[in-house]
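One chain, chain A, appears in both complexes that follow, with chain B as partner in the first and chain C in the second.
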Partner chain A sequence: MSETPNYDSEYDAIVVGAGLAGSTAALTMARDGLDVIMIERGPSPGTKNVFGGVLYTPRIRELTDFDDAPKERYVAKKTYSMLSEEGDETSMSIAPSSWREEPHNNSWMVLRADFDEWFAEQAVEAGAMLVTETTVTDLIKENGEVVGVETDRPDGELRAPMVVLAEGANSLVSEAAGLKDRDDRDNVAVSVKEVRKYDREKLEDRFHIDGDAGLAAHYFGDGACGDAVGGGFLYTNKRTVSIGVVYSIEDAAHDKKTPDEVLEEFKQHPAVAPLVRGGRMVEYSAHAIPEGGPDSMPELVHDGAVIVGDAAGLVLNSGVHLEGTNMAVESGYHAGRAVADALAQGRTDEAALASYETNLRDSYVVENLEHYGWFMDTAAEEKEFLFDDLPRALGRAGDAYFKMDNTPKDEHVSEAKSHILDATGGWLGAAKKAWKFRKMLS
Partner chain B sequence: MSTAKPNVPDTPEIERESIEDRLYTVKYSDSGESHLDVKVEGICEEKCTNYECVNACPADVWRAEEGGVPTIAYENCLECGTCRFACPHGNVEWEYPETGNGVSYKFG
Partner chain C sequence: MTDGWNIVVCVKQVPDADDVSIDPETGRLNRSDAEAVMNAPDYNAVEAALELRDEVGGTVTALSMGPPNADAVLRVAVGMGADDGVLLSDPAFGGSDTWPTSLALARAAEELDADVVFGGEETTDSSTGQVPPGIAAHNGWAQLTYVEELESRPEEDKLVAKRDVEGGYERVAAELPVVVAMGFGENDPRPAGLHRKIYAETDFEPETWTAEDLGIEDEVGLAVSPTQVGGMDTADPVPREQEVVDETDELAEQIAEVL
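Here is the complex of A and B:
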């Protein structure tokens, strides 16, 4: 570095976005004694944010008094269902008794408007400053180094040694400043969701849940969202149910049906309709999800700036897992520590911040992304089989296997087998497909 | 894509919510000025026939028009960003509404 830029402000670090990644970074840095300012575009943290969803809390529990956090229900049961367009459902349900005990496998349904506000408040209590209703529009650079941000406020320039970019899936600032490219549309999903309100007792009866226990239900197949790469979800909150669909923007762009229409159809499926009938829709929402896996991760570390959370593409979608909250928090945590270490040495250059990337690569975050990196590509390649042929074949096989008629069970079994083999392309095809998807459960 | 829903007996009838009903549940504050635009009208007119922005938008913001250039009801926008990715010609001009305006979720 030639000369020290003029940082004109009292802050050591500016955090762009007070979502999960941003508030974690701010909290971590503030606890390390840094002067931190978080800039959030919404009227309060969380008002612009949408997820399914289940908040995964291993790190949040270490950083906060999570018992005080506004939350809805813990996940006591997960279900995975294949839905065919004809109306078949084939499903699996997992409810280990340990999930009912603290810490509930670190899996809690929350509502983001409540949770994100509380979480940002924890950073503020640790000493961070929060400004809302302010959008960062660009980064200020000097000699290739990031030295501050531009905002949409009058005299909206703010300078500081470090900037943490925690702006989520629509990373306009990182893109405008040339720190990353816009993702291709086959690496991003569109998601729409509605929150429906029910009488609490009715909701608990309907989903066989009690106390704080809740259900996380996942749906695949062309009965969930047409023949697009994607699926549907349903999560129980205290008094509301969140129901939605997530699918590739590549597919959405080609389908004349708009995402709200796809959600309407999902709700009509015989496996879903009884779960969502009645009640009242209290909110409709939409959000993008980056799901390009390890190949679409941008450079995380720059001179004077780091990128965290969804802005860094840190979402795992493996078909079985949809995780972004834990990865956002984990990346904010490692980034916050790296920034504090670098500033303690009076440095802001890329080399001094490298421990962020190293620690993230050593953590489960990048490990998981790499382990499941194959999934989205394979799912796109095998779209017709996975989302079309398989759910139908499973429905027909179930029908055949349990058939009540005057023929022996032997015949039922071979009919069931033949439905599956038709879908897979015979034994050889089945073996090939099993091989392709072998890593799904490993 | 998927055809009409199956007619399976003993399935409750779920009332379809129109996009207007959906958007009615959303709280907005209007910045008074569109944060969305097309970059080059000629690209919509000449290069694009599919209206992929219209197909992908979950809030009926983008609307197909005779001349080939979609109109934009920016007040409906849920700020999901989908159109930004969906346009195959990178022709969507997209900013956040200024100073916290736009959508504001109560649940999220």
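Here is the complex of A and C:
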């Protein structure tokens, strides 16, 4: 065979995974003049991604010509609905007129198979190399320092001064290499999602949307995902609807229902069924999402390696918010800059990379995580109230408040109040709960 | 022969079959969204070429005719272990059917002084299976098609093939130069080594030859192609009559009637 060059030390950095965090890091480093190689296990970036939702784009907009990016619809309207198991729905919808204008609150529904491929392409255009269909299986360490990666290919070791771990939520490499503890089971959420295809016109009529406008709907309560801490979601794409549930794996293990049964029940809830009726299922997937918050964030910086995105537990999964894309990008960006700075000084040690962690802490990322970190704990403590009693009480209270009968309105109001107070445990209980959950919407 | 054989393997870029759909309204193939990939049976051809090189020595050169971006399939072959790659690319080739396609490949194989030319069983986008025999015909070389296994006899300049034929197999010995169409799925294509893959996708640059380089500029393209695509139709499934009979005799009677 003609000679095969050896590429050890030919690249300044190896990026494991060409998702949002990986491509951002690669793009940032390549723009800084570094030689970067991204290693992606899928046949192209995004093909294995089951995300069904909203891409938050403030940083991506700075880094790319975002107008050219393949996207579906911007979020013109968000709804939050409480669903009870009995079929009640109480909901709130928000559609500020500003969302209809550029930059559309930096919130776009995208299909990751399209978007991630395009985004990795931007890194390649900046000079990075992308190797696909190659899975990183472990890290090579020497004297405690990460000096390269092992892959599933023959002749599969590759060495480089720096490794950026951007492998997503299922961070087997970081765990295998001892850079990260295995996620506690109760720090991981399970998600099942399906994508249904409709006629574009029918979809726009059904959801009252037009042009590039779209709807992001969130659902809570035991009508959304049974007895578990979690919720359901529905996002409109151009011609498809993504619908799914996300809930704590711990609950999934205790509950006898399988994830697809949970999704099926959610789809049959009277508030949801008419929205997903008909169409054709084009995709079905299940996935783990870390929901740990700041406490389960691993050490982000190591000698010769940094961890970014979901692999670093940078997801906000508070029930009200499900955000990871913006933090994946933000962390990839700060990590990329820190690596470039360290290499400029000829260094790869932890101390030289520390600016990554500092900048991330100074950014909104860690602040947001801390702000909402308490939510999952509180939600778990108050599971019955939040996911069971409250949705039902709200349904009954609404029913009572608007009742059409021959009794005076005053009676309706007091009946409605009594339903809520029953659920909260009286005025004092309500006050305590209000205090406890005050942070949720702040 | 001490320095081994000159082995050429033909690889074609095709739209990923998983992504190709038929537009129900126009009846046309919708290839626009489809990713361009290497024709699946050509992996078997490359593997067979590499195994042969492992046995008899020499070199493997990947050869493809297609648009400039078809260099991607040469990179796949080089990643797996081919030594080099040549792309036949020229607007003059546009619209070529299997006749000029195999002429161009045949001339290139001659130019490369090939002892053995490998091809796949057929392509996933046109599936005529005519190209490897076409190469053999244009050059007046021997051909071995539907090959399951090969045995090399370098000392006799012969290649022996186990060929799949209806009802069994046959063993055929052919003198070099010979064109081999490997049966689909007859071997396990090797994965590319990591460093080789990086090389193939970065530093490796295939040569590009034009129709003029091969001296066939007047013998290729749409105008000289004997076949033309008249149109495409989608076939609706034909409803079949079904009937359950109680007795075997009754069934026999009905069959006899139809016959």
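Odds and ends about this structure:
Assume the second predicted complex is superposed on the first by the 435 of 442 C-alpha atoms of A that agree within 3 Å, B and C clash if a C-alpha of one lies under 4 Å from a C-alpha of the other, contacts with A are read in each partner's own complex, and residues count from 1 in each chain.
By our rule, a residue touches a chain if its C-beta (ideal position, glycine included) is under 8 Å from a C-beta of that chain, and two chains touch if they have at least 3 such contacts.
Remember, predicted model here, so these are calculated numbers, not experimental data.
In the superposition on chain A, A:E204 makes contact with neither chain B nor chain C. In the superposed model, A:D32 makes contact with neither chain B nor chain C. In the superposition on chain A, A:T134 contacts both chain B and chain C.
Of the two partner chains placed by the overlay, only chain C lies in contact with A:N6; chain B stays clear of it.
In the superposition on chain A, contact of A:D389 is made with neither chain B nor chain C.
Contacts of A:P154 after superposition on the shared chain: chain C is touched, whereas chain B is not. Counting the residues of chain A touched by each of chain B and chain C gives the higher count for B. Once the two complexes are overlaid on the shared chain, A:E330 sits clear of chain B and of chain C alike.
Touched by chain B in one complex and by chain C in the other are residues 134, 153 of chain A. Interface of chain C with chain A (complex): residues 35, 53, 59-60, 81-84, 190-199, 201-203. Listed in rising order, the residues of chain A touching chain C in the complex are 1-2, 4-7, 37, 44, 129, 131, 134, 151, 153-158.
Within the complex formed with chain B, the chain A residues making contact are 41-43, 46-51, 85-87, 111-113, 116, 132-135, 137, 152-153, 169-170, 172, 182-185, 188, 190-192, 194-195, 222-223, 226-228, 240, 242, 249, 252-260, 264-265, 267-270, 273-274, 276-277, 281-288. Of all residues in chain B, those touching chain A in their complex are 1-3, 5-6, 8, 11-14, 16-17, 19, 21-23, 25-26, 50, 52, 54-60, 78-82, 84-86, 88, 90, 94-96, 98-100, 102-108.
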